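There are structures below to look over.
Presented sequentially are two complexes of chain A, the first with chain B as partner and the second with chain C.
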Partner chain A sequence: MNDAVPSGPLLTMTGMTKQYPGCLANDHVSLTVERNQIHALLGENGAGKSTLVKIIYGVVKPDEGEIVWDGQKVTIQNPGHAQRLGIGMVFQHFSLFEALTVQENIALGLGSAKERVGLRERIVRISNEYGLPLDPDRVVHDLSVGERQRIEIVRCLLQNPKLLIMDEPTSVLTPSEVRKLFVTLRRLAAEGCSILYISHKLEEVRALCSAATIMRLGKNVARVIPAEKTVKELAEIMINMDLHAPTPRPLAPSSAPPRLVLDKLTIRSPNHFGTDLKDISLSLKGGEILGIAGIAGNGQSELMDALSGEILAGKPESVMIDGIAAGHMGPHERRRIHGCFVPEERNGHGAVTTMTLAENAFLSGFTRRALVRFGVIDTKKTSAFAENIIKVFDVRTTGPKAQARSLSGGNLQKFLVGREVLQEPAVLVINQPTWGVDAGAALAIHEAIMALAEGGAAVMIISQDLDEIFVLADRISVIAGGRVSEPVLTRDATVESIGRLMGGGSAPAATGEMEIA
Partner chain B sequence: MLKIESRGYESRFWRYASPVLALLLTGATSGLIFMAMGRPAGLTVYTFLIAPLLQQDGFEALAVKAAPLIMMGVGLSLAYRANVWNIGTDGQFTLGAICGGGLALAFPDAPSYVIFPAMVVAGILGGMLNGGLVAWLRIRFNANEILTSLMFAYITQYLLVYLVTGPWRDPQGFGFPQTALFSDDALAPRLIEDTNVHIGILLAPLIAIGLWFMLEKSLLGFQFRVLGQATRAARFAGFRENRLVWIAMLISGGLAGLAGLLEVTGTLGQLTTTLSPGYGFTAIIVAFLGRLNPLGVIPAGLLLALTYLGGDAAQINLGLPNAVTGIFQGILLFYLLGCDILLLNRFRWVPSHAKAAR
Partner chain C sequence: MTALLVAFLVSTIAAATPLLLAATGELVVEKVGVLNLGVEGMMLAGAIAGFATANETGITSLGVLAAMIAGLALSLLFAVISLTLQANQTATGLALTIFGRGFSALVGAGYVGIPAPTLPKIHLPVLSDIPVLGPVIFGHDILVYLSLAILAVVAWCIRSTHLGLILRAVGDSHDAAHALGYAVVPIRYAAVAFGGALAGLAGAYMSLAYTPLWAQDMTAGRGWVAVALVTFSAWRPFWLLIGAWFFGALMYLSLYVQALGVAVPSALLSAVPYIGTVVVLVLISRDARRIRLHRPAMLGRPFQARV
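Moving on, here comes the complex of A and B:
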């Protein structure tokens, strides 16, 4: 995309250091991105990837370090400056107005009226050229997540970038959308736009990227060619420990009684742009893990809330926990009949970040662990409960008095999963068990879920991560457009067959009673 | 140049130092204002904050003024911690006074052990009625309680004026807008004979301690705190928001009603058109100065009570207008909210040559 004959690397960063209060986020980090290269930035949560990227995009100013961009030493002042230099970024969370059209959204991101001249034609041209089909007049609200991502990419490409930064771009895509994205990215790289690709999906990095910089605890630990390493080797460099795969579990005996039954669960979403749940019927036995796959925004959060009792079902019988009709019960009553829940969002939903771990242990644990006496909080017992979670789940923290927000994402997730698992539920529902969690913590969470199922609980995991579902689940259903497909045995399913259902194309609507064979 | 940067955590030191800094800044700023008005700054601050206490009955007067402020400030800190923004305690105070006072006027001959407890109940119920209406409007119609509670403050004030100048006016009062005096049996019991030091002065700190325990140690208080910090987490835990809004409005309204009843039975002895010199609004400052902690509200209430006395002294001794009290309180609230930036942030001096070297 740039006409000048290039020489030398596109971007060289050396000695980048950024000190946050109480945390050295980047400690003399180096990064070199060559021209025409798709370069991966790998690391656990909290390894300092996002700080480094924010420095490149001008959001964060480094304390020390030198940036050489296109042969020139630069100080990147702000995102506008980064864009003028030719750096574009597609964030993990999109900034789009749901009620506006594609073209309107793109126009809003442009500075002056001059830039808007011929915008429509340019959108169409770029989207055709790079295999990013988009109708400029569609309203964003009606678009899939993959299409929304295309808007963000097109928005960046309009600026003729030399470097495109992509933050976890595939976490919201179906397998076929991922393949299409990769075609686009390879083509961009071939034409002179380097890509800095941030991901924790090691298989993808191996397939796509020609070089990878791996970070751990704010420092560089390696620069490798991903194709020359196995996924296991990459993961081990990333977290500096040996990984052992979870051992497969035997299937639950078919004679086990159902512990969680949904009968034609139908719920209107309370959110304006939410997804209504339609006629969901499922049955989970004790000892069984059911995985609900699906692309974000297809009713997962509504299903979670309907199961936890945050949204009440119309009929009590549409949600049965251990044979008790619970559709009309709130979360507190459902816990009393042995249901436990881990919502997707940790901050402000599963946990109150400004409260201590002990208070957060109390938040959902007080019912089942009897932490209240005569209306007064039993501080000693609460603290002991929190301490127990910290110990059993190896939560890295200073103790029960630490504020939840002082924990890294992975540690807080371990704490929240531990809080529910240690309540010994009969039914556990987890939405995105390892979202944004490092590999070590993810393994610990997976093992806890399996152990709980082995102990006789029925576990439902709702996840966008197909790998996770294939590792954990005995049976797999797909949620698309608020409907849930009939579960299939994991050993009979393939990534392709599940991926097709996730696209919503040939999803057979789940109707009527559904017992497994 | 001076840079503001995030600490990344909440400073324990500034949690307590920030109100002190706000006080110092308020003293300095009001001193400048007094200087601009041609009065010596030092003398004015002295007149405002110290002279009232040197009076013979200075501490009694302070306690009498502080009691209603503490009661209302405690109720407000509870409500604010739950994100229920009741700013109409002045109205709840007035309705409590009207309900309790009306009972005293209706039964002038009732014996004290019947009439006074009945008035206390009526006062609390009056405040709760006003607060409950606000809660109902928020829950039923999603009406913002900041607006409705404030509007109710005006409605009750006009109701008071109507009653005092109309049906309840003292027939022997020479046409003054006031009711008959309450019977002695209907007055608040005194802690010290022949003074205004009434039972409310004992009650206020007890209520503060009780509600502190409730907020920090009980399941109900925990629910308030979670609701205030993360609504979704409260829903996840199974706490019912509507129920908590009701309770917060009823408690803060009821306490304001009690404060109003004690004010008319403790110091005024009758209903007039101006029962409250803005106590309900000052209580908002009290709640914030006390860090929304019921125990912190006790010293905060004493301090703002002092500004009322100081305002009187400044009027009499220095010939300053009555508005100085409001100005002083307004500056204080401004600095209080402003200084809280130091909780999560710090100022750092970045020498400009360091920047050039980079």
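Moving on, here comes the complex of A and C:
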């Protein structure tokens, strides 16, 4: 045995099977990660990627299957065991403690008192060495999402991992942060830390990863070298169908009347860790889609709540829907004057997960679809409404009586978007239309949004996914620190110019670098 | 006048002690994200266990020990139901209080009106004889000093030690703590047990030092005040101490006013310390943002490791 030059793959998993009630999440899945490799794990939502990763990290126990780690057959008991083996994980929903400082957060991730000796110096050293600047004394809730991710990466690196698992690491980063992250990851791989990279951004996977395992419906479907495939080919393997991009739409005529107008909307966030909205003025015409880009936590949720009526504006005139001052109105009143809304969080906000689809359809649709008769729920009409959403939006479910939580993320999102679109709103605001949604469902949602705009509605999409904004929006505005930038026409904007605004920079001084349509 | 001031200060500190003990315990429990509303019940169980044991054996320290064990036992019952079996914490806590009241009344039926050995006040030569300062600072029983010491240690531990960091982390995000490999449920068990033992100790102080007697429901809602103190102090130990002393002061003043024979209904006067403490604490901590900042984010939320 020669320890200096270990041979064979770092991690081999064969026949991994995990059965959940009513769902076979992993069906004899195999995965091999070589040493010094950046390996992508691809698949739609619900394909079983998360389950597989949780098995590696010891969070989930498999029913069957064999794991060979570093040449040894192992049973990974819990996350602590995984860490001792040299497996680190950066979570998609960061597993950080909001009320604690950077150093405290990192200290919590280290097992023994011995490992915590001189922690502060080591944090500073590692973060400088890998280009991940961090101040150990800052409290996490004050940090940007990119900074939070750095904490997780530094926390993993302090344990000298041999495998770093990253779950959707770039979905919350600005383009320049993504570039920096890739430099760090490539360097780590070269120094002997393999990376298992989970993402649905196929362009990134092609640029970064030297191998990819693709899963569909809990099974392996392919192992490919990403650089040898096009993005379209990768996507088609993932979802097993042909993709066609949405066709571009003509711009709304400039004579169209404004349907949603925000006039100096200023709101103090009710949440301590929230962002206050400052002087937001925007105007949307019928037939227009406005994209609000921005890094998470810059006031998106406050803007959404202020538009939907969950937070009331101080001045009624600061939110005008179809010429009616609506700032003082609650969500139902705003629906009555033709404003509809899809919040970011599906579970518990957009939908009551323990209620049926019909009940969820009722909760938002009862005003506009007249689902109440003499104070009693019209169950027949409600059920028909839900049935219609399911049919029109191709929601894969057993029917209107299915519980919302039984649906996969993509299907529930299609249902929620469908619920609002079929109410034929004049103004539709959607926060993160396709967050955590597979490519097929995302396409369906995008087409529905475009069709709605073509029908004359004003649509605002708030999204952290720049690709999505560039595909959908006619004009783009950036929210940063609770302020919104002057909207620019999408055809005049570039990812770089928008990305700079997202990072809190000012608008580009010269127009020379803009693309000419 | 000096005698009056001494009496006021001494009795304020004494009246604050059971609150301080129970609230310190509850603070630790809530810091890890558990809401145990059974403090009143655990105090009563501690009070009767301590009284009965001291009465039967004649040894007060055994009584104090028995009270802590009784509080601990009840808190473990709470932990099994709410942490292992995942019942609703609010309902379980309320049930625990009802159980503690009934159980203590049943056991205590034979002890009503009997005197018990009292916890002695310490007496330090010279120091305890200093006028005013002597009795106020050096003239209490051991539990008074213990309560302050425990509060100081808990405050230091939560703020400055790795153990305290783990406790705060579990209360801030149990999912993240679990993902990092911390045993959320055992940690919560330990905190709940600590809270139970301190509630029992608070009960012992009531029946062995404060009013060395057993009477049904003798804690008279102090367990609830302790729970309220924790919330309204916004989970900060220093304000816990201020709140407890404030309650003690109002307690003495209402008795004093009653003794003066002021024509105010005595029921109203007895209610003053409770109302006054809550009102004052609400006033000093009415900033919703600050409460949200200090409030353990997982308070009252059941934890289930996803498998």
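By definition in this document, the second predicted complex is superposed on the first by the 502 of 517 C-alpha atoms of A that agree within 3 Å, B and C clash if a C-alpha of one lies under 4 Å from a C-alpha of the other, contacts with A are read in each partner's own complex, and residues count from 1 in each chain.
We adopt the following convention: contacts are C-beta pairs under 8 Å (C-beta built on N, C-alpha and C of every residue); 3 or more make two chains touch, one makes a residue touch a chain.
Note that the structure is a prediction, hence the values are computed from the model and not measured.
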- Given the touch rule stated above, what does A:Gly309 touch, chain B (first), chain C (second), both, or neither? first
- Message: One more residue to check, A:Ile377. First (chain B), second (chain C), both or neither?
- Response: first
- Now for A:Ala99: first (chain B), second (chain C), both, or neither, which partner does it touch? second
- Query: Regarding the shared-chain residue A:Gln83, is it in contact with chain B (first), chain C (second), both, or neither?
  - Reply: second
- Message: Quick one: is A:Thr75 in contact with chain B, with chain C, with both, or with neither? Answer first, second, both or neither.
- Response: first
- Task: State whether chain B or chain C is in contact with more residues of chain A in the superposed arrangement.
- Result: B
- Message: For A:His332 in the superposed arrangement: first (chain B), second (chain C), both or neither?
- Response: first
- Task: Under the contact definition given at the top, report the residues of chain A touching chain B in one complex and chain C in the other.
- Result: none
- Per the touch rule, the chain A residues reaching chain B in their complex are 20-23, 75, 308-310, 330-333, 335, 341, 343, 345, 348-355, 359, 362-364, 366-367, 372, 375-377, 379, 403, 406
- Task: Sort out for me which residues of chain C touch chain A in the complex.
- Result: 162, 165-166, 168-169, 172-173, 175-182, 288-290, 292-293, 297, 306-307
- Under the touch definition given earlier, write down the residues of chain A that touch chain C in their complex. 59-61, 78-80, 83, 91, 95-100, 104, 107-109, 111, 113, 116, 270-272
- Query: For chain B, which residues are in contact with chain A within the complex?
  - Reply: 5-10, 217-220, 222, 225-226, 229-230, 232-233, 235-240, 358
